[in-house]
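To start, the structure under review is shown below, and the notes come after it.
Chain lettering (A, B, C, D and E) follows the sequence in which the chains are written, and residue indices restart at 1 in each chain.
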Amino acid sequence: MIDKYSSSGDRFPDSRPDILLNYTHSDPGSLPGTFRIDKSAQSPEINLIDYNSEYYQYANHLTPTECVTYLSTETVSWVDVGGLGDQATLKELGEVFQLHPLTLADIVNVPQRPKLEDHQDQLVVIVQMVSSVSKNREVWLEQVSFILKENCLLTVQEKPQQDCFNSVRDRLSKSKGTIRQHQADYLTYVLWDTVIDSYFPVLEMYGEKIEELEELVLAQPSKVTLGKIHQIKRDLLSLRRSISPQKDMLRTLIRDGHVLIEERTITYFKDCYEHTIQIIDTLEIYRELASSLMDLYLSVVSNKMNEVMKLLAVISTIFIPLTFIAGLYGMNFNPNVSRWNMPELNWAWGYPLCLGVMLAIAIALSIYFWRKGWLS
Amino acid sequence: MIDKYSSSGDRFPDSRPDILLNYTHSDPGSLPGTFRIDKSAQSPEINLIDYNSEYYQYANHLTPTECVTYLSTETVSWVDVGGLGDQATLKELGEVFQLHPLTLADIVNVPQRPKLEDHQDQLVVIVQMVSSVSKNREVWLEQVSFILKENCLLTVQEKPQQDCFNSVRDRLSKSKGTIRQHQADYLTYVLWDTVIDSYFPVLEMYGEKIEELEELVLAQPSKVTLGKIHQIKRDLLSLRRSISPQKDMLRTLIRDGHVLIEERTITYFKDCYEHTIQIIDTLEIYRELASSLMDLYLSVVSNKMNEVMKLLAVISTIFIPLTFIAGLYGMNFNPNVSRWNMPELNWAWGYPLCLGVMLAIAIALSIYFWRKGWLS
Amino acid sequence: MIDKYSSSGDRFPDSRPDILLNYTHSDPGSLPGTFRIDKSAQSPEINLIDYNSEYYQYANHLTPTECVTYLSTETVSWVDVGGLGDQATLKELGEVFQLHPLTLADIVNVPQRPKLEDHQDQLVVIVQMVSSVSKNREVWLEQVSFILKENCLLTVQEKPQQDCFNSVRDRLSKSKGTIRQHQADYLTYVLWDTVIDSYFPVLEMYGEKIEELEELVLAQPSKVTLGKIHQIKRDLLSLRRSISPQKDMLRTLIRDGHVLIEERTITYFKDCYEHTIQIIDTLEIYRELASSLMDLYLSVVSNKMNEVMKLLAVISTIFIPLTFIAGLYGMNFNPNVSRWNMPELNWAWGYPLCLGVMLAIAIALSIYFWRKGWLS
Amino acid sequence: MIDKYSSSGDRFPDSRPDILLNYTHSDPGSLPGTFRIDKSAQSPEINLIDYNSEYYQYANHLTPTECVTYLSTETVSWVDVGGLGDQATLKELGEVFQLHPLTLADIVNVPQRPKLEDHQDQLVVIVQMVSSVSKNREVWLEQVSFILKENCLLTVQEKPQQDCFNSVRDRLSKSKGTIRQHQADYLTYVLWDTVIDSYFPVLEMYGEKIEELEELVLAQPSKVTLGKIHQIKRDLLSLRRSISPQKDMLRTLIRDGHVLIEERTITYFKDCYEHTIQIIDTLEIYRELASSLMDLYLSVVSNKMNEVMKLLAVISTIFIPLTFIAGLYGMNFNPNVSRWNMPELNWAWGYPLCLGVMLAIAIALSIYFWRKGWLS
Amino acid sequence: MIDKYSSSGDRFPDSRPDILLNYTHSDPGSLPGTFRIDKSAQSPEINLIDYNSEYYQYANHLTPTECVTYLSTETVSWVDVGGLGDQATLKELGEVFQLHPLTLADIVNVPQRPKLEDHQDQLVVIVQMVSSVSKNREVWLEQVSFILKENCLLTVQEKPQQDCFNSVRDRLSKSKGTIRQHQADYLTYVLWDTVIDSYFPVLEMYGEKIEELEELVLAQPSKVTLGKIHQIKRDLLSLRRSISPQKDMLRTLIRDGHVLIEERTITYFKDCYEHTIQIIDTLEIYRELASSLMDLYLSVVSNKMNEVMKLLAVISTIFIPLTFIAGLYGMNFNPNVSRWNMPELNWAWGYPLCLGVMLAIAIALSIYFWRKGWLS
């Protein structure tokens, strides 16, 4: 499934770019809430972290039903699901967490447009996380769903082996720090903030790519460069489409609040919101730069062509008259027939004179082009 | 009438594209509510499905008056009309369902801009459905009108043989499932959702077309490619024009609600609304990509032209001086007249020397062009 | 005055396009409400239709004062003025209808930006009507002003011989139908609707022009095509400028209502409003298509140029080396002086060898170009 | 100081265009309210018109203090200041009219962005007036500030010799008409309306320029044409920047009203507001046309180049093979050495045959190009 | 650290432009509020100015704790921190001023998007200051943070040696003027106004650059020009990104006010707000001009290419037929074999006739091209 979304800007146009994800949709006329399970995907792996400021417990490879006992306690329970390959487990999960059938379908049928659903006793947040492998600069989008309920948070990802949340898991296990002293709403913030921060390194990568392309366009414009510019425009459109709804979701959350989110956590979400604006600002600038690069390319190529044309014109224009003169005296008119027939051929100074005329023409034309600035 | 709206992206520029539908309009100065019947269109075929959770009845080829008895019952009645070819039947239908003359005219005079009309005892929804025949990738737009009243729903389509709603009819007849347990408002949702979901496969088709064109533009830019890009821009504009009002209609419905629509059904319409946003987002991206493709095309062609020019310039520039020299020694000045007249011709090493000079010029120019990067 | 606004898309660039009307304005520093009468314009011709559901009377060539008696009755009076050539009559008209000096100036100093003025006892609507003569596809804009008062409607047009309202006059005289049973507000709706519907045939004409140009651009791009595209962009901008304010005016009217307009008539104005949106939607699409056509043109021409260049390059590149070889053996070095001087000339197989080498070069280059795809 | 803002569209690129005014700004870190006096500017010349419907008095060359006596009366006093060259007088003026230090600085440090300041007992309006000298089509922007207080209006302009307000002064002195019967708020309207109306003739001039350029681009595209198009875009941007805030100011004034402005004067300001919208509409259309002209230019030039290329290709392609054949039989292979060496030279019909072949080739190629449509 | 943001428009494409700052961001998954200290940066240098209208004291090189005594007094204390190189000092500062951990992180982790945070007892303003060194036209962005509390203002900059605030420090020490008589809110205004005014000279510089480029593009378009235009677009995008949020912040402040800001100071902030609008207006115009310049460049190059092509075509087309004729009579057909073989060679007037034909062709073609306007 990774391959389905991955995009490698460097391999274009050989490999087919896939970051431009088409959202999943049900077949027209199908039952609302139908699942579209990718059989080859991994089965859900359910892990659970139960904690408060004093206490920490980790359980892995649970079934949905095994989670129930943890959910009723006053400690914060983070149920961490990875993998969407098994319909039965996912349905069971939906029942344990009392999810609306449409919500569950949105969680399972990846990718969806990021959205925020405000039910009275639960808050559903579906977002897109971005990650890149630095070596070959591949970029993936992966859907992450958060379901916040009283004292518990359910997160569902597409794959079990995720790295981006590992630092949060570490902080939870090792320290009795900030997260452990807060409720599930703060955990939601920390994880969502991690998702949003995952856009920054990718943005930086695109910034570098654009700078490389700027130099490339001015130095060696080629078809490959063009393909790369188009590819970057495409990727930036996709990234904007996945981050832009998150900004709106955060603004809604900050403005309206939610019964499950404490006032002091809202301050943190505001910081999150600022980050989404920063990302969108930067994406917008990159898009304008990428468009400007396309214009730049066209202008650079036109400029090169103009130089080539000028060289051709200079060489042709100088030599064409000379070659004509040479051709003229290569004609075989018989000078012996009359004195009008090419008498020059028998002049004593005919040849030097001819060379002199040629030289004069060449010099005159060179001066003319030099004055026109075509020789610089 | 199918032909009037059909559009085949592949046959351009041979066939005339028609998806860019001009909305129907009355002749200036005509009576408000006048019908414009296409005589060649099919007569309306009226079918009726009457159901509740316990009971299911199907009646076909009814007259409008025969529907009346079903409408007064407490069971949900879906009156399903296809074909707009007969004015009298349509007028009768309007009377049975107490439609405003302007509303009836909008239903009959297809195509109209999608619209939502909120009368106290009825909700009128006019939308555009899209369908494509996968083999030759033709795309049609067809108008569907919904009139929701207490315990009954009237749908009017342009043609009787529609496929897109068949899956809903099947679900109604076979199962006692979700639809059968809800009222007419839920049926409206299910059908409208089907209409909106009909855009997704078409979008996917355009996504594939754009990808094919991207490869084509970089590999073999031709006039046919250009025509296709322009055609796609045109189709995307039409699709946006037909889906965009539906988004606004759904937002209005969700925000204001309606006496005929239950609170819990609103949740489903929200899902519908999300889908329209997804479609519009994707259309927007496709449009930007199509515009970028046109720029790409221009740049690729300029690039190719530059390469052609460089080759021509290299060949010309190398051979023009050589040909001049050859012409020079083809002149017929008489070397016997004086010792200044082409004495080279009688030198023992004249010819090898001449060849050597030519070779030297050719090599020097080749090195010059190689340094300039024109030979790569 | 017709000529001042007329625009013929087909005669460009010979005739000067005038649809891009500059709004009339007073001289800076002149008295507010000053008239700018075009002396050559026709004198106002005042006709009056007085009617209710039972009764119908037609009077023509009235003076403004003669209208007064009709206005005080309970029957609906439609005072229909055409022609703006006489200041005194217009002033008198203003007094009879108690028009604000600035309003009267706006009615007289055509063209004005469409506007809606809401005075307590009168509603002023100034709009632009469009009409085209189908034979030579000329398009005119003409200003129409409506002043709605209790039981009477004053309409002022630029010319007396107008066709577009004739169908309404006919309906009024012949039938006792819908219009005759309503008040002056309904008459206003019917006339304004006629004005708005007058845009549809013109839009259709532009739609056809764009389709013709699409084919022309791909088949035979020429300077005339370019001029036509630019002209269409220009006309569409003008049309949008004249219809766009009408949309806003209708929205204001629907939202705020007016004491002179009954609730049930508002429903009809909503229909009118939908039409303006349809028109603007279509104009917007046409404008994007026209812009895309300009890009298309550039790309088609670049493509053509590339083909020309390739042909030139192929022919030149093949023949230049051959001509050089021919020139080489046309040199007159004396083979008798030494055995190094062009001994090939005296070889028995010199000439066939030379031809063979030429053929080999030509074939090799042809294969090279065929591989590069330049010969297709 | 006039020269600093003047712009001559016709003299470009020789003269430096200055209509793109950079707003004046204080040096970073300077005291708020600091004056930036242009020493070379003219000293303020203070004139005063004191009037009511019965009475009219004119006083010129006053000092600010001399104005005080007029201000306290119930008659309307128009204090008309021109010239910004003397700091002391301006400070004194500020004290007499009780201006806020920042307001006074805005009046003095021209040019400023147009702005409306609503103080309880005074209304400050700062706008940009435009004027053109018709002969050489130069355009200037000049700042005008209005300070409306009870029974008095202070206007400050950059230069004493202004023409645009002269017609108002004349009307005040000569007639006892409309202005004389109103208060200072009506005078403000009349003057501001004059300022806004000053944009119309300039707009008309740009409309004519664009039409001239349209014809020029299609007929004789040159670098000078390009420079003019760019210059027009630049000027239109500047004009929009100076008129656009005035629209917002008028909207604010109409919506919120002001204690110093009577209800009936608001109606006049609405008319003013309509004019600003007309101007902005027209500017927007002109800007789109100017952008379209740049595209047109590029397409026209490409088209011309294509024609040149086609001619070159036709001539070259026809003559290159012929010249090659001529060169072939100019070779000096010795026909006497063997019967393979150029026996054609000694054929009786060799020369006519050769000419025939050449003619055949020329005709064949001509037909080929004629079929391709390159000879039209 | 200066180098990290500096941008020199003149050195492009040699030096890498850095004004397009990527905002600092925390590593995904890191603890909220983590510092990212640049070890090479300077240590914070803390200076303090304590004043009221009567009293002035200056203390430098303080520790955060040493500031505490000043803060509790009723005099205004300006704590002026420059340099971000030492984590411990910054943390201590955060405690002394009771800053929220996220706020402190935003102050330290430069650059951030400008933002306004409204805490009850403190107002946090983070902005970007711009400065240019006039000699080589380099532009820097530097972050400045303001924390306004009752009777005290904390400002934090990236470097201790700042010039832009020096004029304010001077005014504070020397005079008992305006600032000394106001509270800390007025000081905030003065400093922020200084920050905003710092954009004006930079704007002027870009205005000059654009004018230079306009002349350059029309006179000598080259690749370097192109690079500079792209660079300017890039810089303007960055500047807009740093000033645009400040406009929104000021609007929020003016609309909502703050308990720490007096009513009369709000008037000053309004002036500040006007300045940001002026800056954004001008940036917008510059951006449009820069885009137009790119189009201009392309058109100028196309125009030049067209001229080159025309010259080449004229020269080639005139000489190619002549050279062909010369070649024709250079053929070696034996006139002695038959009377059909090149009898012209032995005509008495053969050569003059041939020259005459050549001249006629040259003149005919020259007239043709002159008529086509290619010789002008």
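Here is the rule we go by: contacts are C-beta pairs under 8 Å (C-beta built on N, C-alpha and C of every residue); 3 or more make two chains touch, one makes a residue touch a chain.
Computed from a predicted structure; not experimentally measured.
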In how few steps can one go from chain A to chain C if every step must land on a touching chain? 2
Please report how many Å separate the Cα centroid of chain B from that of chain D, as a whole number. 41
Just how far, in Å, is the C-alpha centre of chain D from the one of chain C? 25
Note the residues in chain D that touch 2 or more other chains, in rising order. 295, 298, 302, 305, 309, 312, 316, 320, 323, 327, 330-332, 342
Graph of touching chains, which shape: line, ring, star, complete, other? ring
Once bound in the complex, which stretches of chain B touch chain A? 164-168, 171, 177-178, 190, 193-194, 197-198, 200-201, 203-204, 207, 211, 214-215, 218, 267-268, 271, 274-275, 277-278, 281-282, 285, 288-289, 292-293, 295-296, 298-300, 302-303, 305-306, 309-310, 312-313, 316-317, 320-321, 323-324, 327-328, 330-334, 337-338, 340-342, 373-374
Listed in rising order, the residues of chain B that touch chain C in the complex are 13, 16, 20, 22-23, 25-32, 100, 102, 113, 115, 220-223, 226-227, 230, 233-234, 237-238, 241, 291, 294-295, 297-298, 301-302, 304-305, 308-309, 311-312, 315-316, 319-320, 322-323, 326-327, 329-332, 342, 344-352, 354
